[in-house]
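Below are two complexes that have subunit A in common, paired first with subunit B and then with subunit C.
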Partner chain A sequence: MIAIQKNNALNLARLQSLIAMVVLCIIIAIMSDKFLTMDNGWNVLRQISVNICISVGMTLIVLTAGIDLSVGSVLALCGAITAGLLKNGIKLPTLDLFIGFTLLGSLLAGIIAGGALGLFNGFVITKFKVPPFVSTLAMLTIARGLTMLWTQGHPISNLGPAFSTIGTGWMLGIPVPVWIAGVVVLLAIFITRQTRLGRYIYAIGGNENAAILSGISINKVKLIVYGIAGALAAVGGIMVTSRLDSAQPNAGTGYELDAIAAVVIGGTSLSGGKGSIGGTVMGAVIIGVLNNGLVLLNVSPFWQQVVKGAVILIAVIIDKGGKKK
Partner chain B sequence: MARKIIKYLLLTAVIGLLAYKSVFIIKLSELQVIEPKAFDAPAFTQQLWDTKLPAKLDSALTLDALQAELKANPGRAFETYFNSMSIGNVQYTLVKVTGKVLSVNEDDVVLLTGARDAQRTVKIATEYVYGNAIRDASRLVKIKDFVNTTDLNKISEELNKRVRTKVLPAFKGTVQKGDSVDCTGAIGLNQAHYSLDGLEILPVQCKIIQQ
Partner chain C sequence: MLIAQNITKKFAGVTALNNVHLELHPGMVNAIIGENGAGKSTLMKILSGVHTDYEGSIIYNNETLKLAGTKDAEAKGIVIIHQELNLVPGLSITENIFLGRELCNAIGILDKREMTRAAKKLMEKVKLDVDAGTLVGDLKVGQQQLVEIAKALHTKASVIIMDEPTSAISDKEVDNLFVIVNELRNEGKTIVYISHKLKELFTIADRFVVMRDGCSIESGLMSEMTQDGLIRKMTGRAVSGTRENSSQVFTEPVLRVHNVNLKNTSRHASNVLTDISFTLHKGEIAGLYGLMGAGRTELMETLFGLHPKRATGDMYVNEQPVQIQSPIHAIKHGIALVPEDRKAHGLILDQKIKSNISITVLNQLEKWGIVLHNRKETNLSKAYIQQLGIKTHSENNIAGNLSGGNQQKIVLAKWLATNPRILLLDEPTRGIDINARFEIYNLMKKLAGEGMAILLVSSELPEILTASDRVLVMAEGRLTADMPVAEATESNVLKYAIQHNITA
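Our next item is the complex of A and B:
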């Protein structure tokens, strides 16, 4: 009997994000007739695709009991690198050489740069035992500064129709960013559920000492996880840049907070070891729906921030309450 | 061992293929022949200033005429005389004012202008000349002629710089309280709720007609 009750409680905990989202959708649909339309649905999905990509990487990090505050700046830098290489290439006057980048080349360069920045975060955290909060906070500033240097403070625009397709195109009746986010989510679910790396991630977050004693190379796992998160931030950066057809030096400001919010609302424990990619996707959808609903209801942008913060707070309190039981 | 070698060979081949499809290298000297010349904002602005802007300044409405147009049909007045390349309600136009200097301040010169029964004060900005007001008010720059906003913004920067360095120093250096002044410049009005009271003019041409 107790086992059945515990099982029911667990199922309810898993479903709480979904229930919250359904309730939210019903409330907004009652208050705005524009909410439940196909166009708005695609719009919301397109908007949350970027957050989903970042949040998935953030989930992997949070599962290891870490945090990454630099994803917004890494997103901006990688978007700028991709746009800069695609548009201007690299000029080497001393060698009389011009290295041009194809679309594929610039995309790969952006993602590799993101991965490298993530690896650097992981390196600082594992090698020098700097708390993730501090090291990624430093990277936040470094990456933003590098973005300003790379762009000279100006947007890099007019990147061509092929590049724009990534952020604004459609494939089989579904927006391309949604496809990208879908692939990212499926890969992350596969990694967390079906691979050794996934089990190690949960093990490290659950109990780092036990993971070390079990022979898990925690430094290696953390490096990989931060690397993946950096690369996913770069994917988000490419999507944002493509959607705007312009790499903005101040892009991605505050995105890290949306990503952390999605992770927390999705039920992932900030102390690590507990959570799921599915929950994070649900968290990102809730934030996206909330943003969209508040705009449709003509709520002032200042109040929107207050409401978003309150929702995050309630989610964490509910999560804590659930754990106590 | 053999499997490992095959694995690394395959990996190298994939990386090589990706690199081949990702970058291309050409001589920089060859590229510069193909590459279009960068936009020369100072030269463009100089030409604009010398050849096209004088006619626009001559045909600018006086403040009283503008007020009459706005009173008669605001929609038509905004459509005919105003312009803006930005999103929003603020639109810009060039106006002529003649008036008596009431005060010379650090940032502006205040004029008393208009007929005796409808007098108003306007400020001529003499310190902070920024933004796109002059460019947009001139109606000489078309957005479709430019491939990026940076070039468009550079025109504003150059026009403002010319006002700050060529127009204002001579005017600021000599203008005194009580002088009669003739000034043509750009104003911005909010289309949704406009008012000609407390106007600030970004000057393009300023003359002291009587000291």
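Our next item is the complex of A and C:
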């Protein structure tokens, strides 16, 4: 009986955030006639696609009771790597060597670089027992610095129409970024709910000691999870770069905070073991709708930040209230 | 006198306490007896201010008491020592004792010297012989409990509720505890004592209250009651569970351990385990007894591959040499460990029973090498819920909501699912009720009958003597005795557990 009640509480918390979102939409729709248009709808979805990709990776990490502060910088670095390789290839004048990259090649290289940076995070965390907060904070700085080195501080622009399709194109009437985010979300839902890896992620966050005793290679799981998060940050980086047709050296600054906000609003516990991808998607949508609504309502950017922070607080407080009883 | 009158408490429509009446007398040890789920813990939580919404009234010294919370209860002199200890591992013993009521000098700065002095005095009273600055997290469970008791003594409580105080401490420490309890009783304090161990209740308690299914069934003087009578009142029936000791001879070695040593974490201290050698046979239940700190848990952990860097020695499974560097290797060789602390190491409390049981065998529950086979998983957990008699409506219930005995069965289930040849049980009956206890004994017997080799660690000598075929005794990291149960008596086992200097 008690168990059933607890599950209900969890569902109730999610229902509450759904209601909050609907109320939010209604308020914005009343105040602005531009909000409920198809164009704006796609616009919102396109904008949140990047955050969804990052937040999904963040959710997996937070479920293991970890955190990744480096995703914003990794996003910038991988976007820049992709753009740089696509545009300039690799020139090694001393060896008189030039390696050119096709579109697919540069995309893969970017994503692999993201995965590798994530794996490095995981390696430091598992091998040297450095707390995730600290090790990914270090990576935040390192990856940003590498981005500056790679771009020499200048944007890499004019990447060609094929590349632009990723961020701005349409497929079957739906923006390409939304397709990408959708596939990422579905894959992540599949992993968390239907695979051994997913179970292990929840087990490690729920009780790491019990997980170790149960014969789970927790280091392997953590490596995979940080690797996935890095690769997803790279996907986000590619989308951002493509949309702007330019890799900005300071892209993605502060994105890790939006991702953590989406995870938290979505009801995933920062102490691990509890939460869901679906919740995070909801969290990302709430943040996206809020951003969009505040712009439509001509709220000053300074106030926008205040409001966003307040919403995060309210969402978490409501969520806590829902879970306690 | 503390009187609880017509107390009714419901959780989400489920009645936990039903019109309970209770009288607790000062200058006496009042035993509350009942199976897990009988409502003892809930009642104690009401008396100590944890639950503040209930029906009925509490009358203390002819005054109706309406507690606002645990702080309020403490202020009125009612203190509870929980079964799950409430200490901060990162703080020292002194800091824990004074937590929330630190002593300060005239200008508001912590008076550490005075606190240390007072803590030492309290520690002397509970006979805890370590430095007062030791971090609580570095203490063994038994020692932590003494800190908890010292903390209660410090508050000068007049009503002290002890919830399963002996569930984790050695016999020597139990004796020590009883001395303390006797002192407190003689000082006129009201002691409320909850325990599943009937034998010790007859030693220490003056009065009893039997609870069953949320009701208070009967109360009276301990001296007018027999053990069988109590069991009948608790369960509504008589239970017999002692097993005739087997005279079977076991010949087929399954696990052979040769000269296992385990270094201490700090380099200068002596070994935690020294030259441990023994053999465990097919179908045999070996009981491993030792006082707190004898190294029993550490031995189990070493066998399970948890200390690969500090351990040396040889292990043979089915006479094949094995290297066990991690639990993964241990599981591969058919070893299973049911750990001492099921909440910290055994279960993922927030997750479903189903997920807890299947966690060890998920690789066998996949289809196409990747997708979890939900139906197989459900069937597996249903089978174990039935086989072990886990009391729950559904395999989808959250493990943390079950009683201690049922939680322990979930831990057993998750390990039995791996089909182990060797089952290491560390205090499997700690803190669980008498019926679940006998169920676990019977299960062990059945598993041994099917050929499993079982190593049972227990702090309870009678448990060792009734459940095992062979008795191993450890003292200070060494194996001091290895004998058939027929030769083991309480006194000689205890002798080996205390005197470690017998030539090895």
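Following the convention adopted for this analysis, the second predicted complex is superposed on the first by the 315 of 325 C-alpha atoms of A that agree within 3 Å, B and C clash if a C-alpha of one lies under 4 Å from a C-alpha of the other, contacts with A are read in each partner's own complex, and residues count from 1 in each chain.
Heads up, the rule we're going with is that a contact is a pair of C-beta atoms (placed from the backbone, for glycine too) under 8 Å apart; a residue touches a chain by one contact, two chains touch by 3 or more.
Not measured: the values here are computed from a predicted model.
Enquirer: Looking at A:Leu108 after the superposition, I want to know if it touches subunit B, subunit C, both of them or none. Which is it: first, second, both, neither?
Expert: A:Leu108 contacts subunit B only, not subunit C.
Enquirer: Now for A:Met38: first (subunit B), second (subunit C), both, or neither, which partner does it touch?
Expert: In the superposition, A:Met38 contacts neither subunit B nor subunit C.
Enquirer: Return first, second, both or neither, reflecting whether A:Pro93 touches subunit B, subunit C, both chains, or no partner chain.
Expert: The first partner, subunit B, only.
Enquirer: Taking the superposition on A as described, I'd like to know which of subunit B and subunit C A:Tyr202 touches: first, second, both or neither.
Expert: A:Tyr202 sits against subunit C, while subunit B stays out of touch.
Enquirer: Name the contact category of A:Pro155: first (subunit B only), second (subunit C only), both, or neither.
Expert: The first partner, subunit B, only.
Enquirer: Quick one: is A:Leu172 in contact with subunit B, with subunit C, with both, or with neither? Answer first, second, both or neither.
Expert: A:Leu172: touches no partner chain.
Enquirer: Which partner reaches more residues of subunit A, subunit B or subunit C?
Expert: Counting residues of subunit A touched by each partner, the higher count goes to C.
Enquirer: Please work out whether A:Ser214 is in contact with subunit B alone, subunit C alone, both, or neither, and reply first, second, both or neither.
Expert: second
Enquirer: Over in the complex, which subunit A residues touch subunit C? Could you list them?
Expert: It is residues 1-7, 194-196, 199-200, 202-203, 206-207, 209-217, 273-274 of subunit A that touch subunit C.
Enquirer: Enumerate the contact residues on subunit A facing subunit B in the complex.
Expert: On the subunit A side, the touching residues are 91-93, 95-102, 104-106, 108-109, 154-155, 157-158.
Enquirer: Any idea which subunit C residues touch subunit A in the complex?
Expert: 11-14, 304, 306, 327-328, 330-331, 337, 339, 344-351, 355, 358-360, 362-363, 366, 370-372, 393-394, 396-398, 401, 414
Enquirer: Which residues of subunit B touch subunit A in the complex?
Expert: 18, 21-29, 31, 147-150
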